[in-house]
Amino acid sequence: MSAWRLAETDPLPEPDAARPDRPRSGARRLLVVAAVVLLTLVGAGGLAAAGTGMFSAERPEGCVKPDRSLQLYAVELPKDGTQIRLGYGLTPETASYPGPTMEMMEGECLAITLHNQVSAETLAALRTNPAHPLGVSLHVHGVKYTQQSDGTVQSESFVPPGGSRTYTWYAAPRNNRTGAQGTAGYWWYHDHVVGGPHGTQGLSSGLFGGLVVRRPGDPKPDRTYVTAFGDRQSINLRRGEATDTCDAANPQPGPTCLVARKGERVEFVVVGIGNDMHTFHLHGHSWADTRTGMVSNGQPFADSVPIIDNKTLGPGDSFGVQVVAGDSVGPGHWMLHCHMQFHSDAGMSTMLHVLDENGQMPPGMDHQHPAVADAGQPTGDSQPATDGGAHQHG
Amino acid sequence: MSAWRLAETDPLPEPDAARPDRPRSGARRLLVVAAVVLLTLVGAGGLAAAGTGMFSAERPEGCVKPDRSLQLYAVELPKDGTQIRLGYGLTPETASYPGPTMEMMEGECLAITLHNQVSAETLAALRTNPAHPLGVSLHVHGVKYTQQSDGTVQSESFVPPGGSRTYTWYAAPRNNRTGAQGTAGYWWYHDHVVGGPHGTQGLSSGLFGGLVVRRPGDPKPDRTYVTAFGDRQSINLRRGEATDTCDAANPQPGPTCLVARKGERVEFVVVGIGNDMHTFHLHGHSWADTRTGMVSNGQPFADSVPIIDNKTLGPGDSFGVQVVAGDSVGPGHWMLHCHMQFHSDAGMSTMLHVLDENGQMPPGMDHQHPAVADAGQPTGDSQPATDGGAHQHG
Amino acid sequence: MSAWRLAETDPLPEPDAARPDRPRSGARRLLVVAAVVLLTLVGAGGLAAAGTGMFSAERPEGCVKPDRSLQLYAVELPKDGTQIRLGYGLTPETASYPGPTMEMMEGECLAITLHNQVSAETLAALRTNPAHPLGVSLHVHGVKYTQQSDGTVQSESFVPPGGSRTYTWYAAPRNNRTGAQGTAGYWWYHDHVVGGPHGTQGLSSGLFGGLVVRRPGDPKPDRTYVTAFGDRQSINLRRGEATDTCDAANPQPGPTCLVARKGERVEFVVVGIGNDMHTFHLHGHSWADTRTGMVSNGQPFADSVPIIDNKTLGPGDSFGVQVVAGDSVGPGHWMLHCHMQFHSDAGMSTMLHVLDENGQMPPGMDHQHPAVADAGQPTGDSQPATDGGAHQHG
């Protein structure tokens, strides 16, 4: 079982870069070793790898030692009807679904110690195959990690009930020498173990959260909201009225209360989970289909970038949407929904409540909602000036 | 109910930009007011807003007054079997599905007065919840509008039977000062009220149309066709033979007769409606996955742009495809279909008929179609020169 | 039936470019004719077209004569249970699903003679409509071809049992004069005739393969794998354990054995087939959402390109993913799966086995797999250094 080895008679052409005896390659190897040694002067964690010339299975290359560490707790939350709910939290008391939104800068290495406080009984109730191991894990998209932080069963990188395990994420920056692209982007993390080898039950129970990796120079939004579409017609595992719990008198921004003042830069981390396709559509606002959800006017390619207000996403997809709340369109209750009609009709719809600059909803916009059924008839007779004037182009 | 207001103890960090007492912000506000006053010199419509310092709920910022106005009629069309059909038209007599393709230039502000000529009886037949109000609306993607032009129930911006209402759309241009991206793009408009709060019955009855917002300098196509994919295996609510009604002797370009001469630039406004995913696939032609469906060779980023001939779209998505008809591949009947096999097999397939430069279909290509069932066997023995010559790269 | 002709009273505005009497257009026409004549000096195949001024129905414009030719065989393979399996092969003996991965350079013209060795009995068993003709065809995405190489029933470009037919593909390069974009990209080819007019049964039986068109200067990968997602929860028509047939002792790269050494550049040609949506997700690796799956750092637009590790695709879609195997993350068994949970749970999951630079799987990573059911409990107590040090940004 030990010999995962390419055959001597490799049926595909073997590139020069893979030959150990190639002179230029040898010179490059020297440089690499030198670099590793240099790094070990500032981080003892890299020593073992440098000493043996072997890849460290513990941390991805580039992460000599974690820059930061945090504790994460997987806990059982109150049931939603009969549906078991689990959540990640920075403390057991603050666990939620989605879990805490993580933020990293390119270049940063983060060690997260996951404590599994979900009982074996609960985990057993979520599996159908009694041979499947009981545990919770942390699998992340976009950033770098070794097999030890993969969060999968086959890599044995999960946490049994009552245990803990440290996962190391490295937000690798661009590397102009190797051509490696950076890891800045809108990502997410989730369990990959609960219920089966793909964590399907962990995900549908609530074990997921957003991750934003920023590049130096990226604009910093005023508000960040995670909107995970999935679980058959729900946003963040909630549907219908539960997708909007804003207190009309005192709206507190939160997972189910999307609110901003006019002019604030609002960022959505949009994530697809579950089995279905969805679309993220926001009334009155649009964004650029780029890494950041923005594009700088004046750059030569900016003219080619699609500006969109509806984006399709499948499970596993994640992207960022950045808008200036109420820009040009003003305050009001702006719908945010999946544009698949049977999804929005089933309750996959909520609001971005845009207040005015003073934090108030202007008079005339504070209709009762979402109980629109008895809203009655509108006047239907507003008549703005339509002068039929000359057709002018800017 | 009146106090949609952010709490004093805002749980999210409050950015500098939102503080009214910030010196630099104050200076900027002065500039903004000056700009508004300047605008009011040329457009009386902006006066009220400038005078009170309040946002005008009537028109989006930047639209001082509409540059153009038009009348739009929502009418009931002859049933398609038992299916109720509605359509928008610039006159009641010309209503159709899709509705008229709108075209705007960035910078333009358009006032559209929608007249609802659909009877209360028909609208009542399309709703299942008797508490849902009866009406028709106009909701648009991509361009700017205030809550008064949102076309939704909760904003009370719809039109009861027999009524009319003016919607104001502003094709906002790029703003290099604020960084706002322009609204140029391929968009669409649709009802958001018929049958339920998401207009699902209005959409599936035919109340939708395409919108193209161009930027100065954008190429102008010779032909524009709207292809809306949706309603379970149909193009523009038609499937099978009804997707192609071209008169073989005298093909008239129209919603169900896609025809062009070789060398003409043809633009498709591709829209997703309904519940399902689809793909737009065109035989023999490809396009760039950019804002315009094109890319200019020679620009440094052009080499990175994906060129595609099949694009997936979900409901609410819209994009533009631009091709030069028959370029390199010549005239003929080029299939246009959804590549989901069960959709194309169910009739979600039509043709782009490319005539030669003289407007004729060349001999040998005017096969009977789409009744291919009895086409018999092809000769299967055409043998172009295949000289097995040296493998050359351009 | 002969007069596919635009009406004299064309209801759409006729652009200048289409008028034969336009002076500048006349001058341009002269240039075009001159160019064609020049081309005929080096390729006799273009003569007929130049002589008559008519478009050649045989080869796309730009392909004067094929640069290369090859033979392709459509054969019946052993059944998969009761499922008929067909495959394309460069010889009848090497036919497989997916078929051989084709590679072209922009500027190249390729003549492929398809020999249909599938029996009439088998083809008859795959159709439900007895009027549908029996045959096999070759339809290709992305590159240029005339109606004679469309591979469809209505163009009569398919091959009856026992017959053969030559298809001509032209990988047209960019044309800065006309603005035509090049055809470099990740494409695929497939039958369009077996069972019905969209080749649904041909596709689901195995008649498809990948095509890569490269542009001069494009990086050449060390390994290329085709992963076609479709047929309800399968990769390359295989699901569950059959998606990974690697011999642990001696892994041979192949359609169902994805293996690479650390540092090798691996290219995936990802294709969607069938009826369903899927996502391509690879653990530990990410790529750029561009034409090549890469982006060059330092280019001004590079910063705007989304870096992703999960991409949604519909049937007909194809794209390229390029990664450096194990870069930063090291060797190991890296999962590759559809992120739709019910798909991955049903077996739409495999591995990219990344060996170390010496072609070995490092100790501790050669777990038994995919029989993870009895893997038992992990230690769950690995504790990397988490020093809680200062939060540093690169």
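So that you can tell them apart, the chains are marked A, B and C in the order they are listed, and the count of residues begins at 1 in each.
Criterion: contacts are C-beta pairs under 8 Å (C-beta built on N, C-alpha and C of every residue); 3 or more make two chains touch, one makes a residue touch a chain.
The shown structure was predicted, so the numbers you read here are calculated from the model rather than taken from an experiment.
Taken together, the touching pairs cover every possible pairing of the chains. Shared residue numbers account for under half of those found at the interface formed by chain A and chain C, and the copies are therefore classed as meeting with different residues. Overlaying chain B on chain C by C-alpha atoms takes a rotation of 120 degrees, rounded in steps of 5. Averaged Cα coordinates give chain A a centre that lies 30 Å from the centre of chain C. In chain C, the residues that touch at least two other chains are 277, 295, 300-301, 305, 312. Across the complex, chain A is touched by residues 1-7, 10-15, 17-18, 20, 45, 54-62, 65-69, 105-108, 111, 113, 129, 131-135, 139, 141-142, 144-148, 150, 152-160, 163-166, 168, 170, 172-176, 178-185, 187, 196-198, 200, 203-204, 215-216, 272-277, 289-292, 295, 299-301, 305, 312-319 of chain B. Interface of chain B with chain C (complex): residues 222-223, 248-254, 259, 261-265, 277-279, 281, 283-284, 286-288, 294-298, 300-312, 324, 326-335, 337, 339-345, 349, 353, 355-357, 359-370, 372-394.
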